[in-house]
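First comes the structure, then the notes that go with it.
Going in written order, the chains are labelled A, B, C and D, and every chain counts its residues from 1.
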Amino acid sequence: MNPLVPQVATIQAIREETPDVRTFTVRPDDGRFPPYRPGQCAMLSLFGVGESMISITSAWSPETALEFSVKRAGRVTSALHQAEPGHKVGVRGPYGNSFPVDRWVGGNLLFVGGGIGLAPLRSVINHCLGRRAEFGRVDIVYGARSPRDLCFRQELFETWPSVAGVGVQVTVDAADAEWRGPVALVPPFLEGLKPEAAGTVAVTCGPPVMIRYTLQALGRLGFPDDRVFTTLELKMQCGVGKCGRCSIGSKYVCIDGPVFSGAELKQLPAEY
Amino acid sequence: MTDHQAALRDIAAKLLGGGQVATFIGFRAGLDPSRPVPHFVRDASGAGALVINPFCGAGLARHVLEALEDGPVGILVRGCDGLGLERLIADGRVTRERLHLVAVACRGAVDPARARAILGRIPERAEVDAQSVALIAGEERRSVPRDSCLLGRCLSCVDPSPRLADTWLGEPLPSGQRDFEAVTRMERQPAEARYAFWSRQFQRCIRCYACRNVCPACSCRSCSLDDPELQERATGLADQFGFHFTRAYHVAGRCVACGECQRACPMKVPLSLLNEKFLKDIRDLFGVADPHRPSATEPLACYRPDDLESCRGEAR
Amino acid sequence: MRLLPSERLAEFRECLAAGGRLYGPVEVDGIVRFEELGGRLPAIEPGNPANSLKSFLHPQTEVVFDFEGGYTDVALRVPGPPAAQAIFGVRPCDAVALERVSRVLLAEPFADESYRQRREMTAILTVACREAGPHCFCRSVGVSPADGRGSDVVLYPADDHYLLEAVTARGLSVLLSAGALLDPAGDEAARAACQSTPVPPVRGLEREDLPARLEAAPYHPHWEELARRCLGCGACTFLCPTCYCFAMFDTVRGTRGRRSRGWDSCQFKDYAMMAGGHDPLPTRASRIRRRFLHKLSRFPAVQGESACVGCGRCAAACPVGLHLAGVLSELEEVLR
Amino acid sequence: MTAQPRLVGFACRWCSYAGADLAGTSRLEYPASVHLIRVPCSGRVDPAFVIRAFQRGADGVLVAGCHPGDCHYASGNLFARRRFALVKRFLEYLGLEPERFRLEWISAAEGRRFAEVIREMTADLERLGPNRKLREDP
C-alpha cells in the first residue's frame, strides 16, 4: 500500500472556535483509522487543493471520529475553511511520535499553550484527564492574541476547571472591552505564576517564537530540559520521513517528532 | 584579456581601499583552472585573488542585486555584463550611481567542457582572437576554430564591449548587428519539424530554474513561474511548452541576449533560440533596430497608433 | 564471472531490450543523458551522463493517484505497477547512490511503495570505470571505480571484452538470459584494473573530523560568501543522484484531478516556508548550509555513510561553480 | 473529445463582453461552446493566461478588445496588439498551431461581429481537430 495515498473521509461536523480556527470532525468512510496516541498528527487533504499536516486534537477511542483544529493560514487551510459538513477529505496517518505520557505517571503536569498551539495539547490534556488518578496537580496556562482568539472555550472555561486538582489560567496579549482577565504574553505570564518545578513535567506548544521564550522561562523556573516537552511544526509534504522538507539536523519532525524534549531540542540546529 | 589582470587588481584594490565600493565583483580561480568562479572581494587586500582570462564564462550582472545590499559595488564588465546591468538599471532594480564599472572588451569565453574534450585534458590557459582560439596545457598548445570551443552565446555576440563604463581596461572593440541567422533557419523548417525539435528540447528540462535565476531580466521579486495557478509543477510535454513559452515571453522586449540562460542550462536547452525569436520579431514588426539593447522605451511598453494592423491576425 | 566480447555488445543490448524498456547513456543535441537506447549502444565515456539514475526510479514527476468526483463524492484510482526496465551503462557511483537513497525511501514502516516497485522491476547494469571523468571524486567519499553496491550486474571493461559479474539474483538471471553470448571467463585482470583506476582526491573530504568541523561552524561567514555566488536554482539538487526531496501537488480539470509528486529542491526559496510565512530557512546561506551539512554530516550521522558519491554532476552543472568538491576545498581553507 | 471545439474567450468588459451580451439579446446564433472570461481590458491578458487555457483543455483562445482608439484606458488594446502579434508568431515558431489563437476587436455594438467571430473560429477549430499539443490532461 502506498503510504502517500489517503483514506477518503467525510467531514461530519464543523465547529467555529475563533474567527480563524475551526474544528473539523472527520470520519474515514471505511470506518477505520489506526489507533493514535496524544501528540500524533495526520495529513488532511482536499482533493484538487493539497495536503497539510495537522495535529489530531481528539483523544483516541474506538468510537470517536477524528478531530482537527485548523487555523486558516495557507492555501489548503483556507480551502478547508470553505468546506461544509458532508464534503470529502483525504486523511492519512497517524504520523509521528507522541507525548511520553506513561513516563509522566505520578508527577504534576503543566501545560503551556499559545494560540492554535493548544490543539495538540488538547489531545494530551484530555488523555491525561481520562487517567486523572495517575497524575498529581494539572495546570493549564493558555494565551492568545485577543479574547476572541481563544480556542476550545468550553473546555477552557467549563470542562477542565471543573475537574478536581486542575487549574486553568488564561491570558491575552491584548484585551477587548469585555475581557477582565490578565493581559500578558504567555512566557512572562507563566513566569509570574511561579509554578513549582519539582516533580512537574512541562509541556508547551504555540507559535515558534512563543515556544522559544517559554522554554527559556521554564529554564529559569528550574524545569530541567528532560522534563520539558514541546511539539514542533515544520512544512511537510509526505509525513512519512521521505520528502526531506521537515528535516532539522539529522531528525525528521514527521517521524522523529513532532514531540521533542527540551534536551533533545538543544541537540538540534535552531532551524524551526 | 589576461594582460589586464594586474590592472584590474589594482583598480579593485583602490576602489575598495578608498571606500568607493563595499564589494568588487569579478572572478577568481576555481578548483580547475578552466573554471574560474564569480568572486566578491570585500577589502583591498583580497583584490589579489581576482583573475581575468578567456575561461571567465559566467555573467556577473545579476550578482549586483544582492551585493548592493552591502553598499556600492564595483564590477568587472564585458559587453554582455554591461547589457545585463543596463537591463537592471532600466528595470529600476539598480541605480547607476551605486555602481563602478570596470570595462573590458571581450573576444569570447571558452566553454571548459568543449575545450577539455578537444584537448583530452583540462586546459590551463587559452588565448582568444578574432580568428581562432589557442588552448594550452603544459607544453601542448593547440589552435582551434572559434566555433569549436567558445560558448554558444559568444559566437553570436555583437557587443564585445560594454556601453557603460567608469574605467576602461584597454580599448573597446566595435559592436555589430545581430543577424538572427539561427532563428531564420528554424523559421524555414516545416511546422512539424519545429514541433518535434522543441518537444525534444523541452522534454529534457528539469525545471531547475537556473535560466530564470541567472537572467538579468528576471529580477521580479514575485515570479509568474512560481505561481501554481500559472505554472503547475507537472512536467508533461504541454507543461514544458507552457513553462518555456512563459519564461521567454516574460523577458520579450527586455532580453539583452546575453545568453546566460543558455549557458546556465544544465540540460542544454537552446533557450537563446527562443529569446532571439522575440528579438527578431520585435525588430521586424516594430522597427526596433537593436532590440536587445535597453532603451528609454521598451518595445512592449509602448505602441504606435500605426503599428501594423496585420500583425494582429496573421501568423506569417 | 562471464566474458562478453566487445563485438557482441549489440546482441547483448538486444537481449536486455527483450526484458523490458532499456535505457542507457546516449548523446543527443550535444548532451549525454540516460535515454531509451533503441538501436544505439550506450555511450560509455569517462564520467557521468547529465541526468542521474533517479530519473527512472524516483522520477521528476509521478502520479500518486487520480481522482474523480465532486465535493461530496470522490473516487481514487491508484496507478498500476510499473513495467520492467533495465538501465545499461550506469557508473558505479550512481548505483551506490541508489543504494543510499533506498535507505531513506525504503525505510519502514512507511516504505515508499512506488519507489520499491520500480526498484524491483529495474535491472542496473553498471560499467566500472577505467578512467575518471573530469569532475569525478568518488574515492574521496568512499566509493570505488569498481564499486558493485546497488548494481545488479557489473561490467568491467577490458580492451576487447567486458568481464561480467552478477551482484544480485536479478543480475544473475540477466546473465542467464544472455548466456549464449557469454564465455566463461578466467581472467579477472579487468576488475583489478578498474579497482586501481586513479581518481584525484578532493582536499578536505578525506578528513574524518569534517562533519564535526562543519557542524561546529554553522554561522561561519563563508556560508554568506557562498550565498552571494549561488543563484538559488535547483540544478545541483535535481541532478544529484542522492537528492530525494519531493513535493506533492494537485492538478484539477473539471471533475477529474490528480495528485502527483515531483522533485523539489532545498535551494528554492519557498522550500521550507510554511503557510503564514514562517520560514526556518529564510536565507540563501541557510539553505546552502542545509544542503552541504545534509550530504556530509547529517545523512552520515543516521546512515553511516556520506550522501555524496562523488559523481561530479554538481560540478558539471552549477552555473557559478558552486559544487560540493569546490566548496569543500574552500571550507577546508577557511575552517583551518 | 466533445464534438464541438472548446473556445475560451477573454473579453474586455467595456466592449466585447457587452458585444457578446448583445449577440445574446439579439438572439443571434453562435456555438454555445465558447467560455467567456470577462477582463478589464484586452491589455490585462498575460499571454501566460492563453497558454493556461490551452493546457486546461481549450481548443482555441480568443482575446477580444476594443477597436484601436476606443480603449476605455486609452491604449490598453494597443499594448495588447503588439504583445499578441509576438505571441501568435511565437506559437508558430514552436510548431504549435497559431490558428487556434486570435486577437479581435469587437465593440459593444457589434453583437453580429461577435457571433461571426465565434462561428468562424469554431469552424477553423473543427477543421484543426482537438488541441493535443498544448493540452495537459491529468
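In this section, a residue touches a chain if its C-beta (ideal position, glycine included) is under 8 Å from a C-beta of that chain, and two chains touch if they have at least 3 such contacts.
Quantities reported herein were computed from a predicted structural model and do not represent experimental measurements.
Where are there more C-beta contacts: B-D or C-D?
B-D
Can you work out the whole-Å distance between the CA centroids of chain B and chain D?
Chain centroid spacing, chain B to chain D, equals 36 Å.
Centroid from C-alpha atoms only, then distance chain A to chain D, rounded to Å. What do you get?
Whole-Å distance between the two chain centres: 51.
For chain C and chain D, let me know how many angstrom lie between their CA-based centres, rounded off.
46
Could you tell me the distance, in whole angstrom, between the mean C-alpha positions of chain B and chain C?
Each chain's C-alpha centroid was found; their separation is 30 Å.
Residues of chain A that touch two or more other chains: which are they?
Not one residue in chain A touches at least two other chains.
Mark out which residues of chain D touch at least two other chains, giving numbers and ranges.
136, 138
Among the residues of chain C, which ones contact at least 2 other chains?
Answer for chain C, listing residues that touch two or more other chains: 247, 249, 251-252, 257.
What are the touching chain pairs in this one?
Pairs of chains that touch one another: A-C, B-C, B-D, C-D.
Report the residues of chain D in contact with chain C in the complex, numbered from low to high.
Touch residues, chain D against chain C: 56-57, 136-138.
So in the complex, which bits of chain C are touching chain D?
Touch residues, chain C against chain D: 66, 251-254, 256-258.
Spell out the part of chain B that touches chain C in their complex, as residue ranges.
Per the touch definition, chain B meets chain C at residues 30-32, 35-40, 58, 62-63, 66-67, 113, 116, 122, 200-201, 204, 206-210, 212-214, 226, 228, 232-236, 260, 263-264, 266-268, 270.
Quick check: in the complex, which residue numbers of chain C touch chain B?
Residues in contact with chain B: 28-31, 33, 50-51, 60-61, 134, 225, 227-229, 231-235, 237-239, 247, 249, 251, 260, 262-263, 265, 268, 270, 315-317, 319-322, 325-326, 329.
Can you list the residues on chain B that touch chain D in the complex?
186-187, 191-199, 224, 229-232, 234, 236-239, 241-242, 245-246, 248-250, 252, 277-278, 281-282, 285-286, 299-301, 303, 305, 307-309, 311-316
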